[in-house]
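Going in written order, the chains are labelled A, B, C and D, and every chain counts its residues from 1.
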Amino acid sequence: MVKVGIIGATGYAGGELVRLLLSHKEVEIKWYGSQSYIDKKYSEVYQNMFQIVDEICMGDNMEELAEQVDVIFTATPQGYCASLVTEEVLSKVKVIDLSADFRIKDVDIYEEWYQIKHPSASFIEEAVYGLCEINRDKLKDARLIANPGCYPTCSTLTIYPLLKEGLIDPSSIIIDAKSGVSGAGRGAKLDNLYCEVNENIKAYGVATHRHTPEIEEQLGYACGEKVVLNFTPHLIPMNRGILITSYASLRNGVTEEMVKDAYHKYYDDEYFVRVLEGSNCPQTKWVEGSNYVDINYKIDKRTGRIIMMGAMDNLVKGAAGQAIQNMNLLFGLPENMGLQQVPLFP
Amino acid sequence: MVKVGIIGATGYAGGELVRLLLSHKEVEIKWYGSQSYIDKKYSEVYQNMFQIVDEICMGDNMEELAEQVDVIFTATPQGYCASLVTEEVLSKVKVIDLSADFRIKDVDIYEEWYQIKHPSASFIEEAVYGLCEINRDKLKDARLIANPGCYPTCSTLTIYPLLKEGLIDPSSIIIDAKSGVSGAGRGAKLDNLYCEVNENIKAYGVATHRHTPEIEEQLGYACGEKVVLNFTPHLIPMNRGILITSYASLRNGVTEEMVKDAYHKYYDDEYFVRVLEGSNCPQTKWVEGSNYVDINYKIDKRTGRIIMMGAMDNLVKGAAGQAIQNMNLLFGLPENMGLQQVPLFP
Amino acid sequence: MVKVGIIGATGYAGGELVRLLLSHKEVEIKWYGSQSYIDKKYSEVYQNMFQIVDEICMGDNMEELAEQVDVIFTATPQGYCASLVTEEVLSKVKVIDLSADFRIKDVDIYEEWYQIKHPSASFIEEAVYGLCEINRDKLKDARLIANPGCYPTCSTLTIYPLLKEGLIDPSSIIIDAKSGVSGAGRGAKLDNLYCEVNENIKAYGVATHRHTPEIEEQLGYACGEKVVLNFTPHLIPMNRGILITSYASLRNGVTEEMVKDAYHKYYDDEYFVRVLEGSNCPQTKWVEGSNYVDINYKIDKRTGRIIMMGAMDNLVKGAAGQAIQNMNLLFGLPENMGLQQVPLFP
Amino acid sequence: MVKVGIIGATGYAGGELVRLLLSHKEVEIKWYGSQSYIDKKYSEVYQNMFQIVDEICMGDNMEELAEQVDVIFTATPQGYCASLVTEEVLSKVKVIDLSADFRIKDVDIYEEWYQIKHPSASFIEEAVYGLCEINRDKLKDARLIANPGCYPTCSTLTIYPLLKEGLIDPSSIIIDAKSGVSGAGRGAKLDNLYCEVNENIKAYGVATHRHTPEIEEQLGYACGEKVVLNFTPHLIPMNRGILITSYASLRNGVTEEMVKDAYHKYYDDEYFVRVLEGSNCPQTKWVEGSNYVDINYKIDKRTGRIIMMGAMDNLVKGAAGQAIQNMNLLFGLPENMGLQQVPLFP
């Protein structure tokens, strides 16, 4: 049994970690951390857990926690995990950080986009970016895993094969993203009130969203050159789900066949990535509650561009599910253990 | 392994049966029946099943099916299952009918409220009403199980203990019910279009809804006398969930303690019924995707009435989940096998 | 031109007052009061008003305001209007209070249910309860109008004719109410976040909601005796709308004809109350954005009860629209002036 | 008084025409045409019109109608209006067609994208494209107006100034569009059921949507050269609203100032187009129920692209509202008469 501690267990991503880990048969949750609800029963914060979880919420002492568990998940605001991690901690326990603290290799870029000073930049180099389908081998031996952001996970998986195979022009990439509201977290903010979000759609963080450099870095690795792209997220009146609609110019001579082959080359053996058939477009509802990413594309011969689409559940493959996928890799468990939920429809 | 056939696998209840049975480790689905989508891949009808279910949809030959499987679920319109069931079929296979055909013992009442002639009334007596928490013992040996309606399941479980213990006046019961839209099925009707339902609430079937006599019959068994009550369902703009708000006059001398004891007497050992603590009100979101029913009550001393509330997922405990619970009873499996999903939140 | 000042113009009810008053041709808004957004442009708080309203938000000085305007609307938290009203103010200006401060004649009941000390109880007697259809004559000469609560407006109008005509038993009344989320106001609270409310339904304030004594008082006037009833509100995932489903026992000998006549007697000449035809059930979407209340009923001969249903927009007839209807009465304008919006569908 | 006839009055666009025309003081609706509901009371089809509209639905005899009214609105499926229009009709009455029949000047393109034979191509040349802000002068004398599509209206208005002023590269345009469900009409189709659309988002008609050539033609007029672009619509779980997020490369040397000036040059005098301030992003809720289009942009210096955003209500400015704006132009009425509704929020 893998003994697990969660710091930040009462946010939406933390709650999803609990939901998924409870059905993982090789895991035991030892620590429900939540600074805000300390000493309160976890099931009073999340009443869906009533009679399922009896534990109370604990504080965030990472050093104490490192003695008790095998792996710590941190689902906390930016800067927090980085302020807790030490060499001593990492010598005792694996850390999977769901925040952005260790995702970006260039600390200057991190500090510029997040507008905070990185408190433990020395661990950035060691941290492995936890996009399992791409970094699987490196992840197995990591001590510190930077679990990818929701938009970067979906964007990177959707575009990666074509960029890796050199079929699209990296300078032409535009990503138009749409997310459900749970991605904004459980904080009590006016902008996330029901009446403000419902029956409404808007773009936000246009040309300034913090996931932009993360996506650019990962896609840069795919094509071996610096990628600069447009990324525009939108808020959609639904609880869960991310849809990526991305555009790029096909390189000269690229055929439909070559595109199809590229997707199948990288994803035919991937349990969680489903390349749809025919002209079926990914829909977020078809993956809700599961760790799947559904991907498909359409070539527009009139413009020479390809439209690449990807859908996933932002709280599962975009956060908690992928974190557990990383944990499975770390502990030598089957990668899809505890993650075989069939999507919930309707 | 229990071999399962589903007739009506492409409605919402049928789809939910598939979702749940796929994670049941003692079950193998052998037959995805759907007259409307015959020969079409099941995963083209429900794209969430892509790369999970490879089978194609089959016709509805119950006699042939009886040779191949151990249990048949029928998730079909009223009158259809009754037209297929024969002595020969029941001699070979268990049948769990999710329609109303065998729920009501008095065939005249069935024919009056459903406005159809019952095609096989001779099996009504034998059929066992599949409300597991109440009829558990009788269900284990049944050949034909009438899986309860969604509203009757939630209503009966919410009110049962107080009526059984004689704490409320049967003639005073009023049930005000609220349901998500999936209860209306997957038929393409104007009334169920997104724009007609969204941002809207209405009562429907007022004083005429077909679930009324089913609830009255079951509550009548609880108190040993004929029950006549008001039942008013409402359509709520959400996919899943039923909330029951029911009212009754407390009998003279009944105390808060007696009410509390009654609920705990009947439900403390029930895995799927959660009597909430304090003044927590049941919420449908807290049980979504799971087989739980959350129940609580509030005594209003000013009026002498009690408000009894219950929440569940109409497609799980209100249809497919309860059907599987019945199947587990039939085949001697642990009653909660394949039904331990943690509710999905948010 | 009636010169209007609004205190609390940036809550949802305040915003609706602005929307409606802008299309009222005999009104000029002179004061957009909002303590929270003082000195900020109103159209930055409500971007729908961009290029429509150029004014900035002002503080809450009621005495100064009394010099400048003919009528003050207060759309503020409980206790606030009562703390501002003075004899001097009322000698200069009409006050229409959208809070509960002057709705309940018995100050002890107010203080018990609202748990606040009433700061100006001496004005309660003078205040007129602003349910126009019932108190029209008294309202014309009022100085201080207590604009009714949303639930009480819909509940009272739905039940009033039958109680007034003695057709139902006052002790048997049960009101099961459903409201959209805007009724909860624009405060940034966890419970009103999109992800907490969406795909969810719950009862709240069961047997303790503050609108209970207000409804009881008004219905008591109708039947000439003390009324004690059950009132259970529910939160529905939609922006606007209230639906009342109420139950009562018909008195012996009451016929369908008598019920129909009662509704038509009181409402045939009312512009804003529409008694629906046949078995059409009121739906909140059919009145959205308008000042209409749609009402209908169904007699259940099996139980001897009648189900009385009413639907309206909580922000219009339930708040801002009714306040303007009251203003029209006060200033001798046609009662429906500025309130003839056709409901928005879909 | 302008006498109006509506053919197709019971679709969502037809219903919106009725809602808006009822508050237009120079209009009298003489004919509620609806082949599907002939002889049925209009207010039984749209219960929001109860006690507001007493008329019954009529058939579609355009020749008879031409004798009785001054202007006919056709809110009907593609090909239908074109099959009814004749020289005799146009000699007697103005026709404003909300379908696509007369929008595209090149009949081959129409027939290719719509896959129907145009039944009256000879009138295409005469028809004026009803985008009032751009074709105002030509519209005043038209006999036949092709009311623009919803996506083309929002897309064209959002991009037009920059293209007209030569600030962006026409070959670089990508339009990522999002629409509420009412755009799909009131037909009873599986894809538009509540449970299929709710909590879901998908792209549709990728690289094949029929509004593509319409947008390309209009933008082509703006820049004086053939435009070929990508247009990707998405279905959003909300009733109303369209949001356009469009991307283009800025030409060398174009500054923020030049972009700002271009928008203000074309729109400062336009009542219905609001160029937002600062970095405020258009939101569909801020224009709901109104004829406004909210527009803003953001330059991304990193990529050299500009993101141009526009939001409007698809049923108002995207259909019925714009049709009335056109009618006002035709009859010499103030262009915003009957169209000054303040957007409904929330």
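Basically, a contact is a pair of C-beta atoms (placed from the backbone, for glycine too) under 8 Å apart; a residue touches a chain by one contact, two chains touch by 3 or more.
As the structure is a prediction and not an experimental result, all values here were calculated from the model.
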Q | Between B-C and C-D, the pair joined by more C-beta contacts | A | B-C
(Q) Based on mean C-alpha positions, I'd like to know which chain lies farthest from chain A. (A) C
Q: Return the distance between the CA-based centres of chain B and chain D, expressed in whole Å.
A: 46
Q.
Can you compute the centre-to-centre distance for chain C and chain D, using the mean CA position of each chain? Integer Å is fine.
A. 37
Q: For chain B and chain C, let me know how many angstrom lie between their CA-based centres, rounded off.
A: 39
Q: Among the residues of chain A, pick out those that touch two or more other chains and give their numbers.
A: 12, 182, 195-196, 198-199, 237-240, 283, 285, 288, 346
Q) If each chain is a node and each touching pair an edge, is that a line, ring, star, complete or other? A) complete
Q | Residue ranges of chain B touching chain C (in the complex, touch as defined) | A | 174, 176, 178, 180, 195-196, 198-204, 206-207, 228-230, 232, 234, 236-241, 243, 245, 247, 279, 281-285, 288, 298-300, 302-303, 305, 307, 309, 311, 346
Q: Would you mind writing out the residues of chain D in touch with chain C in their complex?
A: 12, 15, 18-19, 22-23, 46-52, 182, 199, 239-240, 274, 276-277, 280, 283, 285-290, 294, 340-346
Q: Provide the residue numbers of chain A that touch chain C in the complex, in ascending order.
A: 12, 181-182, 186, 188-190, 192-199, 237-239
